[in-house]
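There are structures below to look over.
Both complexes shown next keep chain A, but they swap its partner, so chain B is in the first and chain C is in the second.
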Partner chain A sequence: MGSETGTLEHEAAQRANGRHLDRSGVRVELVECERRFGDVAALDRFSLTIEPGELVALLGPSGCGKTTALRALAGLEQTDAGVVRIGGLDVTGLPPNRRELGMVFQAYSLFPNMTALDNVGFGLRLRKRDAPTRRRRARELLDLVGLAAQAGRFPHELSGGQQQRVALARALAVEPRVLLLDEPLSALDAKVRAQLRDEIRRIQLEMGITTLFVTHDQEEALSMADRVGVMASGRLQQLGPPDEVYERPVNAFVAEFVGSVSRVPATVGAGSTVEVLGGRIPLPDSQAAFAPGRRVDVLLRPESLAVRADPRGLGLVVRRSFLGPVMHVVVALPGKIEVLATLPSSSASEVVVGSAVSVEATGTPLFVTEPRELDA
Partner chain B sequence: MAALSAPRVATARAHPAAEFRLGPVARTGVLVVAALYFLVPLLASARYALEGAHGSYTLSSVTALFHDSVLLQSLVTSVEISLGAAAITLALLMPTSVWVNLRMPRWRRAMESITLLPLVVPVVVVVLGIYGAFPTGIVASPVLLALEYVVLAMPYSYRAIDGGVQALDLHTLVDASRSLGAGWAQVFRRVLVPNLRSSLLSAAFITVAYSLGEFAMANLLSFTTFPTELFQIGTEQVGEATAVSVFALVLTFGVLLALSLFGGHGRRRAVRAGLPAGQADGVVAELAAEVDAVLGHADPGRPGIVHDGPTMR
Partner chain C sequence: MAVTRLAGVPSPARSRIGADRGPAAPGRRSRGGRPRSRVARLLRFAGIVPFVAYFAVFLVVPSVSVVSSAFETVGGNFTWANITAALQGTYLVSFEKSLELSAISAGLSAVLGTVVAIALASTANVAARRVVTSASAVFANTGGLPLAFAFIASLGNFGIVTKVLSAMGWNPYDHGFSIYTLTGLVVVYCYFLLPLMVLVMLPAVDGLRREWFEAASLLGARRRDAWRHVGIPVLAPAFLAALMVLFTDAFAAYATAAALTNGSIPIVPIQIGSLIEGNVLAGQQNVGDALGLGMIVVVAVAATLYARLQHRAARWQR
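Let's look at the complex of A and B:
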C-alpha cells in the first residue's frame, strides 16, 4: 500500500531511489471481454494488456466500443463474458468502488456542491482520512495541476480546463492503481486541450501510474500514448507504438483512420511494385505477395504525393489550406478521385485553386487493399 | 458571436412581448383589481373574527382557539401525519426517481403517468379500495393516512424531485463518486442529497402542505385531523371558525414564506452549482402556486365548500 500520509515529494524521492510504489505500475488485463447491447457488439472478444506504468490510448470512431472497454475496466459496465484483471487479481465481479481506480470523465464531473479542495478530498473522505491529511493531500494535488490558488472555488467558478484539472487531481488523490481517462479533453478548446494533454502526460510519467486513455482524437492518442490501440466494431484492430500504428498499419481501416490518406486505384506490377498515377513504386514489404496484374487500391500519405504545377497535368487543384510551413492541397483527378498532398508552403505559390497540376506517387504506399467500387 | 446572436435573441423575445404588453396604467389597474379581489375577503374575515359587541374589537375568538384542546390535538395529529408523509415521500420517491433516470430511462414517461393517477382516481374510490384491501386495525391507524397522503401528493412531490434529478448530470456524478470509492449509500448521502436539497425541500413542503389541508380522505376514514375539526367548529361556532380561517391563512402564508426563503437559498445554491437561476425560480414559483392551491381547498371559514383539491383539477 502506498504511504497514506506520503507527500508527492516523498513519492518522487522513492522513484528517484529506484523503488516503485506498490500502487503505481500494476498490470491491467482485459481477456476475451464481450458486451452486447441488443444486436450490437460493443466488445467482441476484446483483449488488451496494459503493462505496468504504461499509458495506452484506445482510439476509434464513435460506437467502436472504446468507452465500453474503459467502463468495463472501471466496473461501471458489466461484461457478458471475459475476465478483467488488475495487478493480477480478478476484479471482474467487483463493483467500481472496490477497484481502486481513478477516473476522469468527458463531461464535467465535479460535485457542484463542493469546492475544488473538497472535490479533491472526496475520495479520501470516503476512506475516512482525517481532515488535516485530506486537506494537505488535496492541496498537494491541486498544486500538482497548477490550481492551488483556486482551492476554495466552486466548479461553476472554474473554466472547463480548470475543472478537468481538478477532476484529474481528484482521481489521483486516492492513489489509484490505474488511471482511466474517458475523453477528458474533448470538451475543451484547442489551446487548453494541448496544454492539458502535455500536463496529463507529465503527471502520468511522474507518478508512473498505469493509464488507459480513451479518445477519438488521433493527435491526442499519438502524442500521449506509449502504445495506441485502434478499435472498430468492438475489436482491437491494432495495438502498438504510435509510430508503428502510423507507419505500418495492419489493415485498411487503421491506415485510413490514423492520419490522412488518399485512396488511389492501381495495378500490381512485376517485381513487387505497383503502378499508380502513371508511375511505379514498390509494394510495402509486408504486402509483397500480391500477384502481378491484380487491380488494387493503394493508400498514400499526403507526404507520399508530389504535386507540381503543370499546364498539361490531369489534376485540378480544388482546395488549398495554409498550415504555416506546409500547405495541404486537394487535387481532383479523372475518375472522381481526390487526393490530398502536402507541399512546402515556399514551393506552393504556383499551385493555386483551379490550376492544372500533375500528381506523382513517391516512396512506398502505406497500405495496399482490395479495390473499392467508386460511386457512379 | 455575441454580436451575431444578440439580434436574433432580441427579435425572438420582442415579438410576443410586443403583442401582450400593457401600459403602466393598465398594469397598475390589473394589480389593484387583483389585490382587492384577494384582500377584501381576507380583511372582511379578519374583521369579523375580531369584532366584538357594539363595534369594539376583541381577540376572544382567537384566544378561544388555543383553549380548544380537541382542535390543538387535531393540529398535532395533522402535523405528525404530514411530517411522516413527507419523510416517506423523500425516502420512497427520491431513490425511485434516481433509479428510473439512471437505470430505466425508458420508464420515465410511464412513471410520469403513474404518478398522475392520484389526480384522476376519486378519493372515495381510494377509500373504498383501502377498506377492501387492509385489515380494520391498519385502516384505523393514522400511519395509513400518512401513506395515503404520500400517494395523493405524489403528482406534485414526484415532479419536484424528478425535475431536480433531471437537472443533474446524474450518470456522470454517480459514476464519478462510484469510481472514487463511494458505495450507493454514500452516493446518496454525500452527492445526490446535497445537490437535490432544493428539490427535496420542495417535495417535502408540498407533501406537508397537502397533508395539513386534506379533508376528504380524513373525513371519509373518520379521522380527527385539523381540517375535519375545523369543519366541525365551522358548523357550530361561526365566529371561532372565521378566526381559525384567518389563523389558517396566516399559517399558509408562513409556509409560503418559508418556502420562498428556502427557495431563495436553493437559488443561490443553484447558481453556485451552475444551474440556471430561472430553473430554481421556476420551481419555487410553481411550488408556491401548488401549495396555495392545495391549502386553499380546505377553507375552514366556509365548510360547505370544502373540496379535495386534486380531484377538482
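Let's look at the complex of A and C:
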C-alpha cells in the first residue's frame, strides 16, 4: 500500500511539474466489494470495471446500492470487504483527498461563502497554485461550462442548473483521474436537465475522463453512457451497452426496470415458440430451452403489441396518452391483465377509451420468466 | 363644484372619477371590492396593540427618560456634568470591569458552546441531543438570586463542591479562586451563557452540509482545511452574532452579580443600582442615568453589529 500511495503522490508531483498524465483516462475496478448497514447489504460482492475514458452509468431503484458503490470508489464510504483500484493502484485504504477524483453531487455542494470563481479555484488553491494561475484556470473552466459571465456570483445567486455547472467545473479543475457524478441532474427541471446532460457528455468525451455516473433516470443512463449497469439489492444485475441492456435483458428485473414492459401469461409451444394472446411467437434465442407445455410469463415491449379496433375483441381501452407521433394505449384483458401498447398517432383514431380492441403479440418477447404466482 | 358636475354622469364613470378624489377610491376598498370602513382598517392593527403598548411602556418611555435625565441636573436644567462624571474615575472603571466581564464570559461561552453545538449536530444519538438541548433551554433561563445562591452553596467558601475538593486535597480558594471575584462571576455567567450559545448556534451548525466537507475532501482538503476554508467562514457570521447576544446578555445582568458579590465588584449595573437607591451619595440619580445611557450606547453598538452579521449569516445559509 505504501508504495502504491507513493506512486499516486509521484503522479501528482508529475502533474504539478506540468508533465500531464495520459488524458485518455484510467481504468477503475471495484472487486467483490461489500458494505452492510445493519441487516441490509448495500453492496453484495459488487464488482465493476470501467475502462479508461469510458462513461458507465449505474442505474437502479432507490436503495439498490448504486450511490454506495460510487461513494466507495470516492472513499467517502468504507467497504467491509473488497478492493478498489484506480489506474491499477489499490486505493481501498486511501482517504478521499488522496484519490485524485472529481465529484459532482446531487445538489447544494458549492461552498456558499465563495464565488463561482473561488469555488472552481478551490482545489487549485489547496494545491498551492498561485492566484493568477488558478484564476486563469477557473475562468477557462467556467467558460467551458458557459458561465464565464457569472464568475463573481455566489451560489445562492445562481440557478440550480448554473450551480451544477459550477460544480462540474470545480470537479474538473483539479484534473481528476476519475469523474464521479452522483445524480447531478435530479434536482433540475426537464429542459435544463436535457441541456446539461448533453454538456456533461460533450465535456467528458472531450477530456476523455473515466466517469461513473449514478442515476435512477433510465433515459439519462441510456442516452449518456457507453455502458449501463443495472443494480438491485447491492448487486450488479447486468452491465452492457445501452441497446444491449434495453433489447437483451439478462433477467426479468432488468427487463421490467429498463423501459416499459407488459407481463402476459403464456404457454411454451413446440419448436421454440410461445403461445400468447391467442397467437404464436418465437422464444428469445437465449431462452429456447423452455420445455413445451410449460406455463410462463412473457415480457413484451409496447412496440411488440399490435392493438386494433375490433368490436369482437376481448380487450378494453382504459387509458390513452398522446405523445406526439405515437400514442400510448393501456388495454385491460380478461384475467386482470393490463398491457401497454404503442400505436402511431395517425392510426389510433378508432382506439378510444372504452372501445373494444383486439391485442396481438408480434416479434419476439423481451424475456420469458416464471409465472408471477410462482415467483411469490 | 365637482359634485354638481358629476350629478348627471353615469355611475361607472362617476365612480372612476370619484376614485381620484376620496371616499370611493379603489385603494380604500378591500380586494373583493367591498368598501373598507375606518373601524375595519383599525382592527387590522389591533393584534399588535399589546406589543406596541409593552414596547412603549417598558422600552421607549424608560429609554427616553434615561436619555433626558442624563443631560439634566436634579433641578431639571441641561448639563453635561453627568456624562462627564460617568466617563471618569470609578464609573469609568466600572465600564472597564463590565466590558471585561462580559467579553470574557461571552467569549468563553461562545467557544465552548459552539464546540458543544458541533458535537450535538454530529452525534447520531438523538436522545442525547434532545436531553442536552432541553437542559440548555432550562439553564439558559436560570439566573438572578437562585443562581447566585446555588453557586454560593456549591462553590462558595463553605460550598459542597469546595468541601469535596478540599477533602481531596485541593481547595480552590487556596489557589486564588473565589466565587466572589470577577473570575467567579465569569464562571457563574458561563452557567447561563454557555447553554444559550448552544441553543443559538445549533441551527447554524445544523445548516452545515455534509456535501461541503465531502466536496472539499475530494478536492484535496484535509479535515482541518475544510473547516478552515468552509466550515468556519460559513459559521463565522452566526458565531459573531451569537457572541453579540451573549455579550449584551452579560453586560446587562444585574441580580446575579449583586447577590453574589454584594456590590464589591463595581460593574455598571451595580453602580447604577447604588446610585438610584442613593446608597452612596444622595442626589446622584442623574449620574446613574448617564451610566444607563452609556449602557444603551454599548448595547446599541452590539445590536447593530448583531443585525449586520445576522444578515450575512442568513445570506449564506439560504
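Some notes on this structure:
Throughout what follows, the second predicted complex is superposed on the first by the 350 of 376 C-alpha atoms of A that agree within 3 Å, B and C clash if a C-alpha of one lies under 4 Å from a C-alpha of the other, contacts with A are read in each partner's own complex, and residues count from 1 in each chain.
Following the convention adopted for this analysis, contacts are C-beta pairs under 8 Å (C-beta built on N, C-alpha and C of every residue); 3 or more make two chains touch, one makes a residue touch a chain.
Everything numeric in this text was worked out from a predicted model, so none of it was measured.
Under the clash rule set out above, the superposition-derived model of chain A with chain B and chain C contains a clash between the two partners. Touch criterion met: A:Val174 reaches chain B and chain C at once. When the two structures are aligned on the shared chain, A:Gly123 is found in touch with chain B and with chain C. By the touch criterion stated above, A:Pro112 is placed in contact with chain B and with chain C alike. Look at A:Pro96: by the touch rule set out above, it reaches both chain B and chain C. Judged by the touch definition given at the top, the superposed model places A:His156 against both chain B and chain C. Once the two complexes are overlaid on chain A, the chain A residues touched by chain B in the first and by chain C in the second are 74, 76, 95-98, 101-103, 105, 107-113, 122-123, 125-127, 154, 156, 167, 170-171, 174, 180. Those residues of chain C lying in contact with chain A across their complex are 209, 211-212, 214-222, 225, 229-230, 233-234, 315-318.
Against chain B, the residues of chain A that register as touching in their complex are 74-76, 95-98, 100-103, 105, 107-113, 122-123, 125-127, 154-156, 167, 170-171, 174, 180. Contacts from chain A toward chain C in the complex involve residues 74, 76, 95-99, 101-103, 105, 107-113, 122-123, 125-127, 154, 156, 167, 170-171, 174, 180.
Those residues of chain B that touch chain A in the complex are listed here as 169, 172-173, 175-183, 186, 190-191, 194-195, 269, 271-275.
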